[in-house]
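Heads up, the next two complexes both have chain A, just with different partners, chain B and then chain C.
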Partner chain A sequence: MSVTHDARVQIHKPAATAQRPAVRGWPDINNPAAWIVAVILLIMPLIANGFFLIEIFATTLILGTIALSLMFLAGYGGMVSLMQLTIAGFAAYMVAVFGVSGNANISLGWPWWLAVPMALTLATIFGTLGGALAVRTEGIYTIMITLAIGAAFYYFTNQNWAIFNGHTGINNVSTPHFWGVDWRWDIPFYYVVLAVAAICYFAVDYISRAPFGLALQGVRDNPRRMAALGFNVNAHRVAAYAVASFIAGLAGVLQVWNYRQISPGSVSVGACIDVLIIAVVGGITRPIGPYIGALVFVLLRTFALDFLVKIGLDGNRFRLLIGLGFLAIVFWSSDGVIGLWQRWRQSQRPRSDHPGGGRGHG
Partner chain B sequence: MTRFVERHPAWALIVIIAIAVALWLIFAVWPPGLEEAIGRKRVFLNAVFNGITLGGLYFLVASGFTLIFGLMRNVNLAHGSLYLFGGYVGYAISASTGSWILSFIVAFILTALVGVLLQVLVFRRMEGQDLRQTMVTIGLSIVFADLMLWACGGDFYQIQTPNWLIGPIELPLITAVKSSGEPVYLRYPLVRLVIFLASVIIGIAMWLSLNRTRIGMIIRAGVDDRDILAATGVRIQIVFVLVFALGAGLAGIAGVVGGTFQSLSPGEDIRFLLASLVVVIVGGMGSIPGAALGALIIGLAEQLGSVYIPTYAIVETFLIMVLVLALRPQGLLARR
Partner chain C sequence: MDSVAQRLSAVGAGAALELRGVTRLFGALAALTDVTITVRPGERRAVLGSNGAGKTTLFNCITGDFPPTSGTIRFFGEDVTHFPPYERIRRGLRRTYQISALFPGLTVQDNVYLACRGVSRGRFSFLRPGQNDALMHAADGLVQAVHLAAVKDQRVAELAHGQQRQLEIALALAGAPRFVLFDEPAAGLSPTERAELVEILTSLPAHIGYIIIEHDMDVALRVVESVTMMHNGRIFKEGVPEEIQSDPEVQELYLGAGHE
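This part shows the complex of A and B:
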């Protein structure tokens, strides 16, 4: 077994990562805040109208799930992959290609229950192959290679007309409709998204405590030692890519149902980097982080323009705001919003010996 | 070279045959059968020259990138922004003074200053934290891109080529033979050749100063082990600032070149960042000759690809990257 490990490119973990206990119980059951958030999310359709329900909360959950797949790789595997959005976009394209869409010459017209598993399988294979390529290198090289893969996919979709329909993309993708319910109606769709996000969240939470997740964290912290203990380091990494690709693929399917269309703009390099920003702003040590980051990102994206205009600035400077916010987070908190929250909690309770006490929820 | 031949005779043979075929394609008069199969020789020669000169531009961008990475282990993902910034500065100078040469000098100095500021204010605070530095450069590239969009708008700018470089020159390469037996020579824009020569000179100068001077010795020692180098009493922070300034300045020069060759617009920063990423991944991170080889391969692949397989020209360069990663993950010319 080859260990392509170079001691010079060790990633320096944020301090919070190193201190985190390796084994935890089910953490959310005894946390009242988690129950409150869960109840609020469940009764959300009573509180929020269609715009907030879909444009803010469903979009947040979808983006958060894509960022969750990055968080899984980066937080537990130490591999920062910028191609998670590309995998989600690939799954979305595959749903459009195999399913029913307005571009009849491209779409094969399969029913959704055939097209979706096909899309998920292909997206997982795609992500696993990309991961197998990326694990040949380490640390910061991974960022570059996954970024290059994402860019290659973007240009490919732009130039390929036979499958991806070039820069116009595929429009009018049909959404599932069964049991008398159109699942793209706001309220059913919100619950579908919520269910998928919850499953992904708890799956990642579970895997992080399962033997595979523990071995993966061991590989992250000291690959040589894990190799010496008899673990196949690269196999664990590739398997982590496979899991993350599946999660990203699920989110991609939801995304194409949400917008009913997919085009190269959705998989552009900027969008790939947005996913990294979401994960880092939220915090990449806990599965809840990406969802918090996604909420912040979506709120900023939706309301920054009005806000900037209201205080007398140019509304088009939304990306400047995002970039500066991202810089501030990277500068002052190695663990994103969660890290800030945790630090605040610890300053409130200086003698606390309960390290899991600061589970922030969005 | 001889060691490579001894160790990999089969690969050496393939490389030699490929070079021989390429030379024959460039210098020989093509038989009519070949012209029928793959098109006119003039098209091919133009693509080759465009590829080589584009490779020169890629080398200018990527050499700064690889130099900074080699010494500081800092993947500067804001390198594309420095490129675009240099281009805009060059445009402003050449539009206001009319001097093309002056725009290079000012672009170099200003982008080098930005590089110095970045190193002193940002990267020095998080030394040794590779991942965090990379994240910061991502944030910086977003901020820079938006600031430049704010300042310069979304228009396309092209830097005026100076009068003494306008127009094609005739090269002693026969593209075809007329029915009267008179040879037709290749005509090629002079400015691209001059810029290519300049990038070759810059490359050789960099190689010489890295391998033959004292400061180059210090930099190479820093690439190998910067902790020991600092322990021997070298003031490594000054070396870092210098190298960062040089790398950023090269990106600025490349911006002026790119603004003359092609055009400047928002989005070019990402394009050239990706190009330099692919170039250094193919050539080998931290290696100047690697950057030169990678730039040549990628430039040629892009231009030949856009002539012969136009739909997938950009994808093809990424395929080359994938192939290199699969066969030689550290890059073609990197030491391991």
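This part shows the complex of A and C:
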């Protein structure tokens, strides 16, 4: 036996290696539950009315995409960033500032196909710069720095009238019209949101098995060893912030089209923390987690009030329900709802069906 | 690589690794004091010494994990004293860790694949490796070489200690290593695994030199041609294995008193 170290002198085993990337890479293809969910999402406009379509499902997909950007950083990179909602809000403000809105003295009136790329570029730069600051720290200090950026942006939007229009924010933001379609009508808008969320989901899933994503998981597990393998760890982390910022920016554009306005209330510190709760409740080890967390959050936010009133309690206490649910899920499963789901699945099958398990593998 | 080759010929390329007056302070404590070592390309050397002699600190200075407080380090003629670790690794330096430094959340195959990717292009690639990816094949070969082919799709967290030590070595042999630092590779291995380790070390291509820190004399003295003894952060003695073994001062300091 000899230790060879060069690709040219390897013993190739084509039969064993040829199938690996396809099968390991896209486990969802073989999963009937994934196909059922996909079909339901596609035919949703046939079964749901406008309220459910937009207030529940589109909102879930938008919030889920913001939380997905956090999942990408935290689950693969080990970096908990509390500024993902701030980046989305920044993109939303930029769409309003560069595009068309009711505040003609602020908005520049660019068409949406110019305003949106501009907003995405600026949001990505903003998030990358924030990330470049945050990667100099580890653990709780990363959380503190990103929270500080989020808090600073919130107070800045409150007090700046020249660009952000202070606490009233920017209203009547116009939405795209082309090909004879108002893309903010419920059904077209739902499909736009679904398409963006699906692209982000599959992109994150795909990247997790590409060299960039694998290296990011290596940085999460052991940054020092990554440096000793030839990787520039900080450059990798900053690049991860750039990717996450772009995803959050996309969700921010959808958010401002959804509500047609943006104000400091949308980028408050509480809202930043909501994104963390969504990601943790859903589970931060796989890209599906944030969407599950977002669905739970939106359902609770929407219906807990009625439920509480019905059983004779103050409806404003719906956050208490969210908090209790959060506590219960984190207490029972460190990997959120998908962790509970996986454990239930494993208890239903013999153990031999689960070689390895799939933490961080999408 | 051309520029590296030119620089090598410019300085004569005498040594693979050349440390001059390397000192490392931790606060007031001198972990290394004025260490000067020259290792030829392809040379295999053991660094011996009791706990706290500064052996691992020496490795950390060479790789840049902790840069030296003073002194210079040349790698194949190039001054790398102020290079970050990844720049040294990309030039052909490798190391293993005394306590396995692996990626527990990833599979064995992915661990080795990352090691191969780290010393080649496309570290930031967003494209998944294809079916005939050269680095995947390189990783397959390394996994086989360290006898881990049977567990290559298992997560590293699930491996036995001995398997993790094997993987630790595989990570250090990825790409085209020119010089490897092995930090107690036999720690916690069974006798069978030690024999496998000796086989791996002795079968490395002749142009790959290494320094090995090892307390097990049976392993250490069988795989090296020269020995450096360290004591309290200084070079204490250098020589061939037979000289070191029979040296009375060495026996008193290390083999007699310290070694069980």
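FYI, the second predicted complex is superposed on the first by the 328 of 362 C-alpha atoms of A that agree within 3 Å, B and C clash if a C-alpha of one lies under 4 Å from a C-alpha of the other, contacts with A are read in each partner's own complex, and residues count from 1 in each chain.
To be clear about the criterion, a contact is a pair of C-beta atoms (placed from the backbone, for glycine too) under 8 Å apart; a residue touches a chain by one contact, two chains touch by 3 or more.
Everything quoted here is computed from the prediction, not taken from an experiment.
Asker: Let me test your reading of the model: by the given contact rule, A:Ile163 touches which partner, first (chain B), second (chain C), both or neither?
Answerer: Neither: A:Ile163 stays clear of chain B and chain C.
Asker: Once the shared chain is lined up, is A:Ile199 touching chain B (first), chain C (second), both, or neither of them?
Answerer: Neither partner.
Asker: Could you say whether A:Leu114 touches chain B, chain C, both of them, or neither, answering first, second, both or neither?
Answerer: neither
Asker: Which holds for A:Leu299: it touches chain B only (first), chain C only (second), both, or neither?
Answerer: neither
Asker: Where does A:Arg136 make contact in the superposed view: on chain B (first), on chain C (second), on both, or on neither?
Answerer: first
Asker: Of the two partner chains, chain B (first) and chain C (second), which one does A:Ile145 touch, if any: first, second, both, or neither?
Answerer: first
Asker: I'd like to know which partner A:Leu42 touches here: chain B for first, chain C for second, both or neither.
Answerer: A:Leu42 sits against neither chain B nor chain C.
Asker: Could you pull out which residues of chain A sit against chain B in one structure and against chain C in the other?
Answerer: Touching chain B and chain C on chain A: residues 4, 9-12.
Asker: Within the complex, which stretch of chain B touches chain A?
Answerer: Those in contact with chain A are residues 73, 75, 128-132, 134-136, 138-140, 142-143, 145-147, 150, 270, 274, 277-278, 281, 285, 311-315, 318, 321-322, 325-326, 329-330.
Asker: Once bound in the complex, which stretches of chain A touch chain C?
Answerer: Residues in contact with chain C: 1-7, 9-13, 17-18, 20-21, 24-25, 206-207, 209-212, 214-215, 217-218, 220-222, 224-233, 236, 239, 355-357, 359-360.
Asker: Along chain C, where are the residues that touch chain A in the complex?
Answerer: Going through chain C, the ones touching chain A are 63, 65, 84-86, 89-90, 94-95, 97, 101-107, 110-111, 113-115, 117-119, 122-131, 134-138, 140-142, 144-146, 153-155, 158, 171, 173-177, 199-200, 203-205.
Asker: Can you name the residues of chain A that touch chain B in the complex?
Answerer: Against chain B, chain A makes touches at 4, 8-12, 80, 133, 136-137, 139-141, 143-145, 147-149, 151-152, 155-156, 159-161, 269-270, 273, 276-277, 280, 314, 316-317, 319-320, 322-324, 326-327, 330-331, 334.
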